[in-house]
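Sharing a structure, written as structure tokens. Questions coming.
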Amino acid sequence: MKRSMTQLAKLGAAAALAAFVAAAPASAEGDKVGKSPWGPKDEIGTLNMMSDASRMEILQRIDAGKVYDLGLDLFVGMPDCCSAAFGDPTYQMYMLHTPARGGGGEELVSHSSEAISMNTHTGTHIDTLSHFGLHGKLFNGASADEALGARGWAKSGADKYPPIVARGVMIDVAKAKGVDVLPASYAITVDDLKDALAKQGTKLAEGDVVLVRTGQMGLWPDRSKLSLFTQSGLSLEAAKWLAEERKSMVLGADNLGLESFPSTNPQNFAPVHSYLLAEKGVSFIELLWLEELSKDEVYEFAFITSPLKLRGATGSPIRPVAIPVK
Amino acid sequence: MKRSMTQLAKLGAAAALAAFVAAAPASAEGDKVGKSPWGPKDEIGTLNMMSDASRMEILQRIDAGKVYDLGLDLFVGMPDCCSAAFGDPTYQMYMLHTPARGGGGEELVSHSSEAISMNTHTGTHIDTLSHFGLHGKLFNGASADEALGARGWAKSGADKYPPIVARGVMIDVAKAKGVDVLPASYAITVDDLKDALAKQGTKLAEGDVVLVRTGQMGLWPDRSKLSLFTQSGLSLEAAKWLAEERKSMVLGADNLGLESFPSTNPQNFAPVHSYLLAEKGVSFIELLWLEELSKDEVYEFAFITSPLKLRGATGSPIRPVAIPVK
Amino acid sequence: MKRSMTQLAKLGAAAALAAFVAAAPASAEGDKVGKSPWGPKDEIGTLNMMSDASRMEILQRIDAGKVYDLGLDLFVGMPDCCSAAFGDPTYQMYMLHTPARGGGGEELVSHSSEAISMNTHTGTHIDTLSHFGLHGKLFNGASADEALGARGWAKSGADKYPPIVARGVMIDVAKAKGVDVLPASYAITVDDLKDALAKQGTKLAEGDVVLVRTGQMGLWPDRSKLSLFTQSGLSLEAAKWLAEERKSMVLGADNLGLESFPSTNPQNFAPVHSYLLAEKGVSFIELLWLEELSKDEVYEFAFITSPLKLRGATGSPIRPVAIPVK
Amino acid sequence: MKRSMTQLAKLGAAAALAAFVAAAPASAEGDKVGKSPWGPKDEIGTLNMMSDASRMEILQRIDAGKVYDLGLDLFVGMPDCCSAAFGDPTYQMYMLHTPARGGGGEELVSHSSEAISMNTHTGTHIDTLSHFGLHGKLFNGASADEALGARGWAKSGADKYPPIVARGVMIDVAKAKGVDVLPASYAITVDDLKDALAKQGTKLAEGDVVLVRTGQMGLWPDRSKLSLFTQSGLSLEAAKWLAEERKSMVLGADNLGLESFPSTNPQNFAPVHSYLLAEKGVSFIELLWLEELSKDEVYEFAFITSPLKLRGATGSPIRPVAIPVK
């Protein structure tokens, strides 16, 4: 990261980056990408846990046809992780065609359309395994030198991702702790997760999509209160517990970047990102809207979403749904 | 349309438009927008047909957890409806961050991300009711003068659209006619639909998502063979039969623009668009991938998709799934 | 402005706008667009003052071939007038093609290119007469209903602008007042201009390009210190004196938006903009780099710049030069 | 090029590229980047030939203040080198703010602005030394591994380029040959240049900006007739003669890509580009509008242009002017 950050700094967003990125020495614990148990050609990691049987198991438990919408609105001026921090582009929508002006009465057919322009990590979105690597390599070994072209990755892009249909579990940490929102930069512990699961009476199973609620969406869409740099989120230990002990398939949270920031590891500015994506092959979802699930105390559901097949992309906007099960 | 086309022509894409757009006189049969039976505040038309009960009815019939992916890949250089024809922007993806060059070994964390830029009517997508109006008004009466801002519509935008969970039916017209692909500009008739339904043994019901297969996706992604101007698709009569007789909720097809082009009505260059969206409040989906459904002869399924909530947009890219039912 | 601001607010940037825009009642002093003395077809206003003779007069006085560069760098993360304030897009540059990674030694030809995306009012730029109107009309009467298409203005776009070659005069108000930079929101008076001209021994002439220095570029590129909302700049009286008494052809300043903000007129949030562009047909230049001219005490020069002929645009990035004269 | 083209091909524009790019073996004549005679820190090559004296020499010869505009309009739907060929983005302009609809009479201030999005090699533009290298290195030795970040080059970007004020010479090859336009793919020879110079009575001098007219702008803006792949332009020998024998500072032409295409060298798909930019440090200008100069038989002039300082860019749109001299 060191050099690319230097290069970026020369290109303009130096100050914010300096505050954000810790030094990244050449060697550190957990500095090797993982090898996929699904073979040398695997590009999607734990998503391989899905099968017709796993999907059927949760779909047949659907209870009443009520659908919870877990996706955010996308609009000009919306908060995002990275525009102020990194100089990344903001969400934009532009009209391409509009009905004629001048009263509008004189034309038969009135045709409108528009273009959008956005960071793929804007709004509710999934991070693919190409989003973070270690030492220039992705999970399962593909290197930037071999697999990164000018316009995207030949490996682990969003186009390789299947639709996701799985058991979903929401862990309402904020509610379990009796707060509207966790404190700034709070790092959720394994005990926090266990405690919340116990209070809400939910058990995790292999292959789950596990969504963690911090309460930060109660602040949406106030840009002054939603900063990547000070967000609460998963600790590395909690991520490890979910990935290794509970064998979760996909993680998610109602914040801008899943994990607690800033990192406490001076060698890695985003240790949960690199651990999950590069070491373990676990994809995750950010900026989830979990407020209705929380209000209705719905902790278990069929989770359904389909990443757009953006060829070579490290992420995709999505709008997942949760359908309660019996 | 006349004036806005003239204005657009001045701005550059005159020749193609001249070939495409028929004259649009001030008065014609079917020239008034419809009034919603769901009340004066309705912005989504027939999508109001969905209920917990309607969703539950199809979800409980899910058979085996197999998922058909109905969405196309999105990539630089992909075919689209409107870039050559109207000068509209093509699909683009740009890298924002990449791992440092130079061997890649010296940096711990390797971070990549990208931006996309696209016409919302690119790839598999849904057209919302704001996409086409008549005389400057949308279905249910909102006018461009009142509801169209510089950056989108305050009415009937994709952000107003619910997730769609409904019974889906695929009508395989190409297979029923024994061809790989329907002839250029072929307009599918009511009899074509009835004949195909009879051959495949499927019955339509109120509230269905009805997807029509022309076979054109067999040509994907050959840009030289996929042109909006000469595509086969629904005739106005067939669209009317589906909307009025069969009370379908949403329509769709495996082509660039649902209906047969060019229009045979000199007064309206897209009569099915304006009929469905502006008169009847029926949304529809374009560029569906129906090839696997056709190959496996899957004609009935749970259809699930969630338009991205792009505020004020006339369309949204989607990636629907079809899950067979018993 | 009222309604479009409301519409924009719905689309997302409400809070900032509310702080910025004063109420705009339907009638006010100075609320009618001007009629051009250069005839009903004129779209460029005072730029008609240029002639071969006027250009020759200044060009033949060029002294020594030294060129002052008055343009700013454009870079990702640069300050701008309008991204934070209005949700407008920031300056972006994206790579389209890059040399292969992996050591770079194995390929003969290494080809790079890139795309840019920007508000045309970013960096050093000229505002054309289509940028501000009154009651939906531009200088010389063209109305939005008749001349504004989905993709730009048919009247007074940057494509209509000639290259500008004229006598330039820099008025160093900051230096005359003995300060590095004028106070926040300071409104430069007619006396300030007269005093500075007297101190520097410069006389204005008809047809001049008059550039006013506030000293704010000493803060460039610190985004936290360069805000449109609190910038010093011309008062309406000073603008009137330059346009009407001194018959200047083009104005300019080293700030984000020429005039002092916020406006003291509750009926008009940008009275100098609407006065110069809509009433008087005077174009102007923002974000000029005048630091070297100031340091070298160069107050008179040949001013040369060419707006990009962006069809229908309300502004264009430029990089003017000043060449001292004897 | 081989690998990056392969990568690009995977990302979508394979067919066009295959027709365009010849094989590029690892070693070939002329395969090493040049070393600058202006020292190890030089990034702009022959532009160092400019001095106050060289500028003054041409400026003092200006004759009558007439200005020729050598820049093209930029508009939605305009022809370009690379959108169809490489999947590169087309020129786009989008409105950001517009006066309220609805008659437009009720608002005082009517504010419009827009964004543009474009390949920097669109319209009249200059190619900088970072546009083409050899074996991953630029002129004077900077390597992609060291100097290319995700968002541009740290070396030889357009931001390093000075305003250009120099003697300009137009060589009207089409006129000398008595044709409106040179034949498709015609490669202009040294004799063609000498013959045209003799016929028009012009002599070249060291440090000139030399603009070559093929007549192709007579076809502008017909996209069906303006193709990079079949354009006439400079032969490698003619480029060498201008750069080495005549010591020209900058070259230019009225075509999409300076040189004749396709290349006759199977080892290099753009040998004039790599020769001038990577071996000799000579920048050049494409898509010049030379029609008025030709009609008026103006062959010698002061040439003035200022590339936009796009940080790290391999090119910049420009709008040069030519002012005749005595």
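Each chain carries a letter (A, B, C and D) given by its place in the written order, and its residues are counted from 1.
Everything below uses one rule, namely that contacts are C-beta pairs under 8 Å (C-beta built on N, C-alpha and C of every residue); 3 or more make two chains touch, one makes a residue touch a chain.
What you are looking at is a predicted structure, and each value in this text was computed from that prediction instead of being measured.
As for how the two copies chain C and chain D face one another, over half of their interface residue numbers coincide.
Against reference pair A-C, the listed pairs C-D, B-D or A-D yield one interface repeat, B-D (criterion: more than half of contact pairs the same by residue number).
By number of C-beta pairs in contact, A-B leads over the other of A-B and B-C. The centroid of the Cα atoms in chain B and the matching centroid in chain C are 43 Å apart. One simple way to say how far apart two chains are is to compare their mean CA positions; for chain A and chain B this gives 28 Å. Chain contacts: chain C has residues 4, 7-8, 11-12, 75-76, 89, 92, 94-98, 101-104, 115, 117, 144-145, 148, 150-152, 311-312 touching two or more partner chains. In terms of which chains touch, the assembly is arranged so that all chains touch all other chains. Residues 1-4, 7-8, 24-26, 28, 31, 51-57, 59-60, 62-67, 69, 71-76, 82, 86, 88-89, 93-121, 123, 130-138, 143-145, 148, 150-153, 159, 162-163, 165, 267-270, 273-274, 278, 304-315, 317-321, 323 of chain A are the ones that touch chain B when the two sit in their complex. In the complex of the two chains, the chain A residues touching chain C come out as 8, 11-14, 75-78, 83, 87, 89-90, 92, 95-98, 101-103, 117, 144-146, 148, 150-151, 221. The part of chain A that touches chain D in the complex is made up of residues 4, 7-8, 10-12, 92, 94-96, 101, 103-104, 115, 117, 149-152, 154, 311-312.
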